[in-house]
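In what follows, structures are represented as structure tokens.
In what follows, subunit A forms one complex with subunit B and a second complex with subunit C.
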Partner chain A sequence: MSNFMNYIHFPIYSVMVLFLGAFLIVVLGKNKTLRSIIAVLSVSISLACMIALIKPVMVNGEVIAYWMGNRVPAGGYAIGIAMEVDALSLFFGLLISTAVFVSTVYSIQYMAHDENIPQYYTLLLMLAGGVMGLVLSGDIFNMFIMVEILTFAAVALTAFRNRVFGALEAAFKYLVVGCMGSTCILAGTIMLYANAHTLNFAQLSAIIPGNMNTSTKIAFALLFVGFSTKAFIVPFHPLAADAHGAAPASISVLISGVLTKSGIYGIIRLTYFLFQTMGLSTFQFLLVFIGCVSMFLCVTMALAQHDFKRLLAFHSISQIGYVLTAVGLFTAVGFSSGIYHALNHTLFKGLLFLAAGAVLHETGTTNLDELGGLSKKMPHTTVLFLIGAFSISGIPPFNGFASKWMIYQACYQKAVESGNIGYVLVTVICLVTSVLTLASFVKVSQSVFFGRLPEKYENVKEVSFGMRLAMGIFALLCVLTGLFPDLVGKYLTQPAATAAFNASSYIDAMLGEGYAASAMGPFLPAAQNVVFYEAGVWSPMSWLLIMCIVLLAITIVAVTSKYDRVSAVSSGEADAKHALFFSGEEAVYSQVGGSDLFWGFKHNWRHYFSFMHDLHSGILNDYALWAVVDLALVMLFMLIVL
Partner chain B sequence: MITFNYIASFFLIALGFYTIITKFNLVKAVIGLSIADYGVNLLIISIGYVPGGTAPIFTQGEITQLSYFVDPIPQALTLTSIVIGACVTAMSMSLVMKLHESYGTLDTREIRRLHG
Partner chain C sequence: MSVIVNALVDLGYILIFPGFLFCFLCGMLLCGIERKIVARMQKRVGPPILQPMYDFFKLCGKETIVPAVANKTVYLLAPIVGLAALVVIQLFIPVFNFTAFSGNADIIVILYLLLIPALAEIFGAAATGSPFAGVGLSREMVTIISCELPLVLVFLAVGKAVGNAVGSGVVFSMQTIASYQAEHGCLLLKPSMIPAAIAFLLTIPGETGTHPFDAAEAETEICEGMLAEYSGKPLAVYKLSHAVKMLTLTSLFVALFLGGLGTGVILVDGLINFFFCVVITICVVALMDASTARLKIEQLFKYYWTVVSGLAAISLVLAWYGL
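Right after this comes the complex of A and B.
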């Protein structure tokens, strides 16, 4: 214990350093340089601790069980408070600390003109510490505490720019429904305690699956709905949309990249470890169904949006739907593709939100109908945005394609293995969602970055280097994870998937070898030999090569040819009536706004869109009602199927 | 007797959620959250209850094999939960104040600039 640099201490360091940083900024935050140094230093140390754990946990397959104050279990009961880091926790810890690091770097210049900046950094570090504590904790009550900390910090940060349109309203709705979720988590936790008389996660996982009764089933429903509010999956998606629209872009990165992941992490722990019910096809149906609904509903909601960040928020939940669907398949390929997509989602969504933030920072608006032509003024931001847009739309060789391709395969493979034709439908929904995502991003890039530049934005400049650096880190990671899916699989997703399929090794690491076997008896899941194989191997490098060749060809043609666009148009088409513009007379130029590029499609679906628009009424009572209905349905589901 | 506690606690949770759903006043929504929170606190305390047990307060050496006391862990949890509940109320009331300043109303049906 004397050796403080032993890696078993790293998990607690990575949480504590964030809370310590938050405290120090309260005390010393008046000085601008000092608080930036403290903030960046604490997130860097946290990230470094996580990276240092890759070798022992991911490569060597260790599970770190860390008892606070060295209070190890006595008499077969876990009395102390524990942290437990297996490959799954570390996977989420890594992506959280990366997103937090980039967000902090971006904040330094992005938030420079706001008031109360010390409080901003305090809340940011509290949020980061809460999420890190959640994923590294081995104690279910501590998970609840961390959920409360992160909800509080997120609500406060949503309302941080309280003069922004709707910020207070979004924060209040999020607070009320989020706290309903937290109340559910606490009630579920305590009902599990009543059954098992322990709060240790590993010990609960050993006791609960063999002792299911009505109260544990209700506890499952409560915990599931509680974590759903944190992941913003249907029916909690309007909260995410409101919060993202109002929060500063650097916080949107965390809400979409980090908070939703904490909810997904909770659901994985709940279904794969605590109740170990994922083997049942009904539970796979539950997750896949909610995932598909989130995926499709949110992408159609996104098509109808006129606000840049609100649109991105709906896409964010749509991508979370992919993650949940893939995780719900309960196959090795499905799980690893799901968390691979979770990783990619954090990267590309973070990039897109930062790009939206850059646009807001320079122009002062995120309204798609007002913007246009910014590629002339902000070329670097445009390129970075396009990398993000290509990634989320699943265009090779970027990372979105790699993980979506794996998800399609996993769904189809599941359909073949289980003989259930429904999973073919799931594959189709995934594909259609991907197409609609692409359509939506064509619209966004057209109405923000291309087209004609409105006169009032003549003086817009490129954003500062620090902000571009933050976006560049995300963009680089997007490209790297897309180009080397094998390495990501070997070092990140496959160890995590192996951990998820071997709950008994998680339990044994905490409570001693053989505890799972003795406590669970016949309920011990057979040690799974997790196989990762994929059909239809594709080569990202050759796609990159093709893309480079095409780009080169376009450049050569553009530079060398004598083709003159202006003269070609004016000579060929004398009649302006046939020229390419949408409506009215040529003199009255109309920018392709938030609604117009796919107006035909939207016209055909107008009843659906107006129905959805009316449904998302923005009234707090409706969202609370959805939460309670969701809770009631999950409870009913639990009582019927189990 | 303890069954009554369980019924009461779930009734309080349901009442709190019912208040949030049916009342259109923001302050009442906050009250609903508090009621649900108290319901959970009552549930936690009831789970730790042992008929005839004493308070779990002992000094070193005082505790023996024959000591008969209620489960102390739920009581510790309740303290934490009460603190969190107070924070929720404080923060939501401050948001309500700010909302009233900028919207001039406390009616949820009028506080819906973000929708669709």
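Right after this comes the complex of A and C.
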């Protein structure tokens, strides 16, 4: 029995239990309690398996190579199906299973009034299993299979509320472009197989760098574009906006927190392992360029939105742009800050989508121009939303600040080290994007939670405890990861970065000690041990302490001078002095609509915004064309520079 | 025993110098001097220099009226949080070679900490639900965006210029910037840093919201915007915050560009520091306040992102090539 509890089996358990849960819910899902128990149980086991692996993989630095049916490589070729878990896989596995767990807890009450709930849970668990399988898989063909599973599950979930306006359209767009991406991955896989006669990821990583030819370069372009569609980076960002706008909030959490991470994971594996091209400055340029365009373009697109969830969708891609930029720097600080931001992105974005879901659940709309003043009706949701908003806008001491701040330092450090003034521009774009993100969330706060409450929402209530609990978990993690960046660095990002910079240990763990050295010869990258350090000076805990003391001092002064004895409205009697000041007729008063805020900024950028408006036509043909153009450009880039 | 003494010393830093009490007195004094100078420039007699302090205590005695539709918690908490954040920033800015809490924040952190007071004011205003506050906070946010780009460029230029000399590539630590200046003389003497210093001086009125960059307050137009619904003690705290903000930004300028002029004696250094703050306030804030009219918000944005950012960018490029 103890043999089954050996931790080397945990990766396969964590994938299997999700698929098993999916099938069990199909069979037994009629009963409401039973299906909730099955769903929560399977995601909890999956999460527990991942947490149990922290000690051997993250702390002891082991790489788990797991051959299904014990079909170990024979005759120099890895034929069997393999799973391989190094610190990088585990890092993504951890944040995925956390997001899936919270999303499932939230779903129980959030989806209670929908139809076809068994199908919902089945698809949700299929999606989760697909992404888990993708990040834990050790061979590239299984990665493709998992990509297919997660794409179709995500498409079906996008259209789950198919009576919502635009849901089917969004799902159809996603289906077409997503399938183009999957097809690209398949084609790339086939070309790699034709070249290297193996599908095992570790073996491919050993063979490909030494045997570059035109077809492997084309394969890289295909795989890169394929994973780009999964991460929704430019030019695939319009799909994300549509999909998030239509999908239930719990699914948006998965699409933004989990699906995009699978794309980022694929790109990291591709550039750091399979082709080991990240050392080339041209490749750093490719990733940083796409990252910066995604970052800036999507944050400006978000400023122009007037739907809560579409706005969040664009911000999601903008933050993924940060991750891609940082990862593309190919420095230790850059990579650690990039994946740190990936972790934080899952947490704060999940929190924000759940808050949007709570608003939608209670009011039935996410239109920023219609909402307002909900903070009095939904105080807890407001506080949780604000934590998420401060995190994503990088306000100290929340987690978004910690990781973004490391990204700024990494970018500027890179600029100085490489002597390339272009990276200064990257730093400036990162910093400006951050303040534009803040502006966008001020807009949401003003037009959803603060401002004036429309009369039709007089009877809105706070959401149920289960939904607040799910948001609370995310909020707590947002604060903790922001306050203890050194712990996150030590136990999560540093091992993962070390894994990324040591492709040879990944290869050796799979195929036997010394394989990488003998197969790769001169192409073997030098082993690098990443030591976590912060590039600048910032200690959030002592800041918080000082802030608390000052706050306390001011509060004491304020209270002793009777600051708290305020004249608020007492029950029943209305006094004119408690009314708002309108300087004239109240009747002509109208609140500044969400989409009209910041017009001083928008006015100066009106040509840019109208250009962007025309560009994002919403027509599927255009977006499919963008995908083709993107593929052609990346192929051209590969053939020219490599 | 030494732990207790250290704790008491730290508490002294936080509450007295350069913390709470120092911020209160110097901020109010700075504000009073500014008002007096503006009045003299406009051929008025002007209020006594202690007038902001009288105003503060008078407002404290007034009734605090919370609007019926406001979110009371946010409405009352926002001014306190904003003030606390400002005091904390003041603690992280070195007074020449003296820093109350070294190793707690670098220049990029201060850039982001500076957002907190503005944000607190925005959320407090949003919580009132007033239409004037809505317009005011929209403009305030655009002002923040406008000032952010020049500030970022100035900070990167300073980091690079100091990094060149120290030899570690790039330095954002306030401590290193201070000790560099103590050794090599203040940064303002470097020709490449002069455009950046001018750009920083031009962002001070934008950050503090004085003429011509006061579109967010605009008393005559939108009734002080974000403060429209505030009264009594919260309003007093806001007035204090505005005064402290002027002190914070001017002392940040002194720390970045005029460092190294201190004597080493804390009290004397504090006085010299404050003297520089007064000079900058008179030369930049008061002069512009008295001689210009309010810009429209889109003009403000354009001005900062072209003229001021351009100046800062010149410095950055010069510093980049080691001048």
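The criterion applied here is as follows: the second predicted complex is superposed on the first by the 591 of 642 C-alpha atoms of A that agree within 3 Å, B and C clash if a C-alpha of one lies under 4 Å from a C-alpha of the other, contacts with A are read in each partner's own complex, and residues count from 1 in each chain.
Simple rule for what comes next: a contact is a pair of C-beta atoms (placed from the backbone, for glycine too) under 8 Å apart; a residue touches a chain by one contact, two chains touch by 3 or more.
All values derive from a computational prediction rather than experimental measurement.
Chemist: Let me test your reading of the model: by the given contact rule, A:Val550 touches which partner, first (subunit B), second (subunit C), both or neither?
Modeler: second
Chemist: Classify the contacts of A:Asn604 with the two partner chains as first (subunit B alone), second (subunit C alone), both, or neither.
Modeler: In the superposed model, A:Asn604 contacts subunit C only, not subunit B.
Chemist: By the touch definition at the top of the document, which applies to A:Gly80: first (subunit B), second (subunit C), both, or neither?
Modeler: After superposition on chain A, A:Gly80 lies in contact with neither partner.
Chemist: Comparing subunit C with subunit B, which touches more residues belonging to subunit A?
Modeler: C
Chemist: I'd like to know which partner A:Gly451 touches here: subunit B for first, subunit C for second, both or neither.
Modeler: Second partner only, subunit C.
Chemist: For A:Tyr193, using the defined touch cut-off, is the partner it touches subunit B, subunit C, both, or neither? Pick first, second, both or neither.
Modeler: first
Chemist: Is A:Gly422 touching anything from subunit B or subunit C once the two structures are fitted on A? First, second, both or neither.
Modeler: After superposing on A, A:Gly422 lies clear of both subunit B and subunit C.
Chemist: Could you look at A:Pro118 and tell me whether it touches subunit B, subunit C, both or neither (first, second, both, neither)?
Modeler: A:Pro118 sits against neither subunit B nor subunit C.
Chemist: Report for A:Pro56: first if it touches subunit B alone, second if subunit C alone, otherwise both or neither.
Modeler: A:Pro56: touches no partner chain.
Chemist: Hey, what residues of subunit A end up touching subunit B and subunit C alike?
Modeler: Looking at subunit A, the two contact sets are disjoint.
Chemist: Under the stated contact criterion, what part of subunit A meets subunit B in this complex?
Modeler: For this pair, the touching residues of subunit A are 141, 145, 148, 152, 155-156, 159, 162, 165-166, 168-172, 175-176, 179-180, 182-183, 186-187, 190-191, 193-194, 197, 199, 241-242, 245-246, 304, 310, 612-613, 616-621, 624-625, 628.
Chemist: Quick one: in the complex, what on subunit B touches subunit A?
Modeler: Within the complex, subunit B touches subunit A at residues 13, 16-17, 20-24, 26, 29-30, 33, 36-37, 40, 43-44, 47, 71, 73-74, 77, 80-81, 84, 87-88, 91-92, 95-96, 98-99, 102-103, 108-109, 111-116.
Chemist: Tell me, which parts of subunit A touch subunit C in their complex?
Modeler: Against subunit C, subunit A makes touches at 372-373, 375-376, 379, 382, 386, 394-396, 401, 405, 408-409, 412-413, 415-417, 421, 424, 427-428, 431-432, 435-436, 438-439, 442-443, 445-446, 449-453, 536-539, 542-543, 546-547, 549-551, 553-555, 558, 561-569, 574, 577-583, 589-592, 597-601, 603-604.
Chemist: Per the contact definition, I'd like the list of subunit C residues that touch subunit A in the complex.
Modeler: 11, 14-15, 19-20, 60, 63-69, 71-74, 76, 80-81, 83-85, 87-88, 91, 101, 103-106, 108-109, 111-113, 115-116, 119, 122-123, 126-132, 134-135, 137-139, 141-142, 144-145, 148-149, 152-153, 156, 159-160, 163, 169-170, 172-175, 215, 223, 228-229, 232-234, 237, 296-298, 300-302, 305, 316-317, 320
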